[in-house]
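Each of the next two complexes has subunit A plus one other chain: subunit B in the first, subunit C in the second.
Here is the complex of A and B:
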């Protein structure tokens, strides 16, 4: 009995989470511009999207920025996680705790703070600021995910490599990184998703005419709604979900080989 | 190959002294066993020689070279870890080649030395396997081959056999000894298993609370333990305390027994038992007879203290299950303690 109730509850949660998304996805395939039923299947909005240079440019920019952010934050985050794993130093616990607020603080506030900061140091708005802002947001995710993987890493492997004459860089590349690779990949996917899906910080930090895809969608909605937005949103969701599924696979099940 | 020397090593962790002024020379080409209960500092000493632990004070030499501040990777050591620490992403051959490749050996050189090392541990046929496809004993031998292949000056073994089951352990002891003899490399190993230490080592060192309390060839230490801790830790011992008189040692119950110091140890195998009264003997009571295959143990009670005698089980066949028994030992078997 409880078992069945539990299932029903889970079903309700999934409906609550995914029904709006499914409606949106369905409407992106509906021929009518005004969501009128009956549903008439059409890929017209996708065709129109493919011809929308502005949206395509924004999408390209989003992907490009996400890739740069992924590379930077994965490299920095992995190094930080390894350093936290290898060394004991005063304030280590405090440092670990300080990694969490960026995840918990509302992005609106983070975005405001970043905007003030970037203007304060003279960098202002623009793509470099967007990238820096995204890296700051993505870094804690990478560190947390890679650290989780390192927690199961046998450190005598590093000692064995050193005893055989390997210098620290060689120990890292030949022994540590291969062992934690699934965690690094999961961290990179998280970083990509954080950047690619980011709206608030991008909105604050990007220059007009240089917007990322989520910012452009927001601006477009304010001007007037077209099912093209449904189409592009559906694509974004598909990409993000694929990334999250991949990340979950690497983070959780990539463990034992 | 080299003689290893540590001098005045001190290492503290908070209030605990893991190493307390340890000075010791490990002879060139010898097989040296470090022995002690957990927390005695034996592993810390091994790791200080390896370079994983930086001593607060004292110095370490490998041959003529002082290595106290030399990092692990430059000490030219080979080390076998308790869990073997084989690299899971590499094959057996790649594991064994690792120390050669990081030191810049050519491919051809690597191949020759890997083949040699695997031959030495009799695992030539397993070169292409991954560590996960090997048994515990095979992993142990791969770990040995990997440590030996770069021809280190010193081999360090951290509880090398403790992860194996008992039958396999005895085989691996013989194997380890053979490999060490063939290579002739100075070897230091840590164990908490006294039998292992006695059977493998040319010399042993016994640590307690971070201090080296006794060292020497195993037979010498066994037959002249010098103090009650060593006597009990290495093998079993019946320890007796009394007052020294001209004719021997007077025990609290009045018996005058062989012995020249206030405290003596008598090994269980040295005790002689008699069912009829004997002069200058301890009068004890039989508590139980323990069967241990070829050997047996008689457990006795004397003045509230437990005494143990061991011998061939067949020799104890005539003893009753309970009753009085008279215990003596030859004068030279009363080992003096301080």
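Here is the complex of A and C:
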């Protein structure tokens, strides 16, 4: 009895979480421009989307930025995680604590602060600023995810390689990296998602007319809703959910394969 | 030997931390500096130091009232997330087992990691006048139903709860999962009723996870601006939207910096107060 009640409750929660997304997706396949029912299936809005140069350019920019951010933050974050795992030094706790502010401080504050600072140093708005900001937001996630994987890594393997005469670089590339690869991939996928889904920081840092996809959607929503926005939103949510499912496969939330 | 080790660690760590320095910590400091200026430096403009941006906060009452409004919104959303999320986490952690638990857990967490802007937009589609909710209810109930939820405070609350509920379920689930089942068995065999087990055992033992979840919801909600803008329309004026306006509409950056910095102070006080719990919960 209690079990069934509990399952029913969980079902309600899932309906609450997914129903609006499904409604939004369904409406992107509805022929009516004003979202009126009865539902009439049509892919016209996707066809229209394919011809919208502004949205396509923004989508391309978003993907490109996310790829650059993924490469930089995965490389830098993995290096930092390995150092935090291998070495003991004073101030290590401080370094771990410093990862927290970029995650915990509202993006509104971080975003406006970045805008002010980048203007102050003459960089201004634009794609380089967006990349700078996104990498900073993604780095803590990569470090945390890779560190979680490293926690399950057997330290003696490194020692064995070293005692067999492997140089430090060889130890890292031949022993450590292959062992923690799932964690690194999960971290990279997290970094991609952080950048691809990022709205607030991009909003303050991107140049008008040269913005990322979420920023373009925000501007469009405020002018009025069209099923075309539903179509592009549906595609975005499909991409970001697919990436997170993939990340979950690699991260396994615990560490075991 | 020790020195070489230190150099190696520094070489691996410095790129990441220099980046964080340049893109997060220096900007936050720059914001503090900017909030004390009369105008944005550069382009031949005159500027000098002033406290007037902070005075504006304390003199006009407008911003203080908006901050209060945002804090209240944070409390409402956090409270609802805890009320709705804790039972869900309890079911997930204690009554569902095996593979279906893993799958359900992933299903609950997945939306949290998808685009928040798009999810807020999806609520706009559901809640708008003559939207899906109105039409659906009209079909089931007699007469034409007009909830008029769009562009209201409830709409903002619904959207924000939807955004952050998975977070609370995640932290509560991790805390509840760590509680040894034999403790519950022991309490039950000693004749403790369900209510007692919940109040004397499950809630106190999962408190660190619940507090961590609450803080991680409360802080971003107080700083939210996109959600109130889209779902609140004209009633969606909050502290966050006031800051947004200073940067994208009014272009009074020094005032915006001061407002942002005051928010940062509030946030840091909350995070600082909760940090022992956050560290213990290891989220």
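Keep in mind that, in the parts below, the second predicted complex is superposed on the first by the 252 of 257 C-alpha atoms of A that agree within 3 Å, B and C clash if a C-alpha of one lies under 4 Å from a C-alpha of the other, contacts with A are read in each partner's own complex, and residues count from 1 in each chain.
Please note the rule applied: a contact is a pair of C-beta atoms (placed from the backbone, for glycine too) under 8 Å apart; a residue touches a chain by one contact, two chains touch by 3 or more.
None of the values given here were measured: they were computed from a predicted structure.
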### Task
Could you tell me whether subunit B and subunit C fit or clash when both sit on subunit A in the superposition?
fit
### Message
Once the two complexes are aligned on chain A, which partner has more residues of subunit A within touching range, subunit B or subunit C?
### Response
C
### Task
Quick one: classify A:154 as touching subunit B (first), subunit C (second), both or neither.
first
### Task
Treating the CA centre of subunit A as the corner point, state the angle out to subunit B and subunit C, nearest 10°.
100
### Message
According to the stated criteria, A:248 is in contact with first (subunit B), second (subunit C), both, or neither; which is it?
### Response
second
#### Entry: Contacts of A:164 with subunit B and subunit C, given as first, second, both or neither
first
### Message
Looking at A:179 after the superposition, I want to know if it touches subunit B, subunit C, both of them or none. Which is it: first, second, both, neither?
### Response
first
### Query
In the superposed arrangement, which partner chain does A:192 touch: subunit B (first), subunit C (second), both, or neither?
neither
### Message
Which partner chains sit in contact with A:29 here, subunit B, subunit C, both or neither? Use first/second/both/neither.
### Response
neither
### subunit B and subunit C, minimum CA distance [Å, superposed model]
6
### Query
Which parts of subunit A are touched by subunit B and by subunit C alike?
none
## Note on the structure
Seen from subunit B, its contact residues with subunit A in the complex are 50, 52, 71-74, 76-79, 81-83, 85-89, 98-99, 102-103, 132, 146-147, 150, 156
### Query
For subunit A, which residues are in contact with subunit C within the complex?
2-3, 6-7, 9-10, 13-14, 16-21, 23-24, 27, 35-37, 76-77, 79-80, 82-84, 86-87, 89, 95, 98-102, 104-110, 112-120, 132-133, 135-136, 139-140, 143, 168, 193, 196-197, 199-200, 203-204, 214, 217-218, 221-222, 225, 229-230, 233, 236-237, 240-241, 244-245, 247-248
### Query
Across the complex, what residues on subunit C touch subunit A?
5-6, 8-9, 12-13, 15-17, 19-20, 22-28, 30-31, 34, 40-42, 84, 87-88, 90-92, 95-96, 104, 106-111, 113-119, 121-126, 128, 130-132, 135, 162, 165-166, 169, 216, 219-220, 222-226, 229-230, 240, 243-244, 247-248, 253, 256-257, 260, 263-264, 267, 271
### Parts of subunit A lying in touch with subunit B, wherever the complex brings them together
154, 156-157, 159-167, 170, 174-175, 178-179, 257
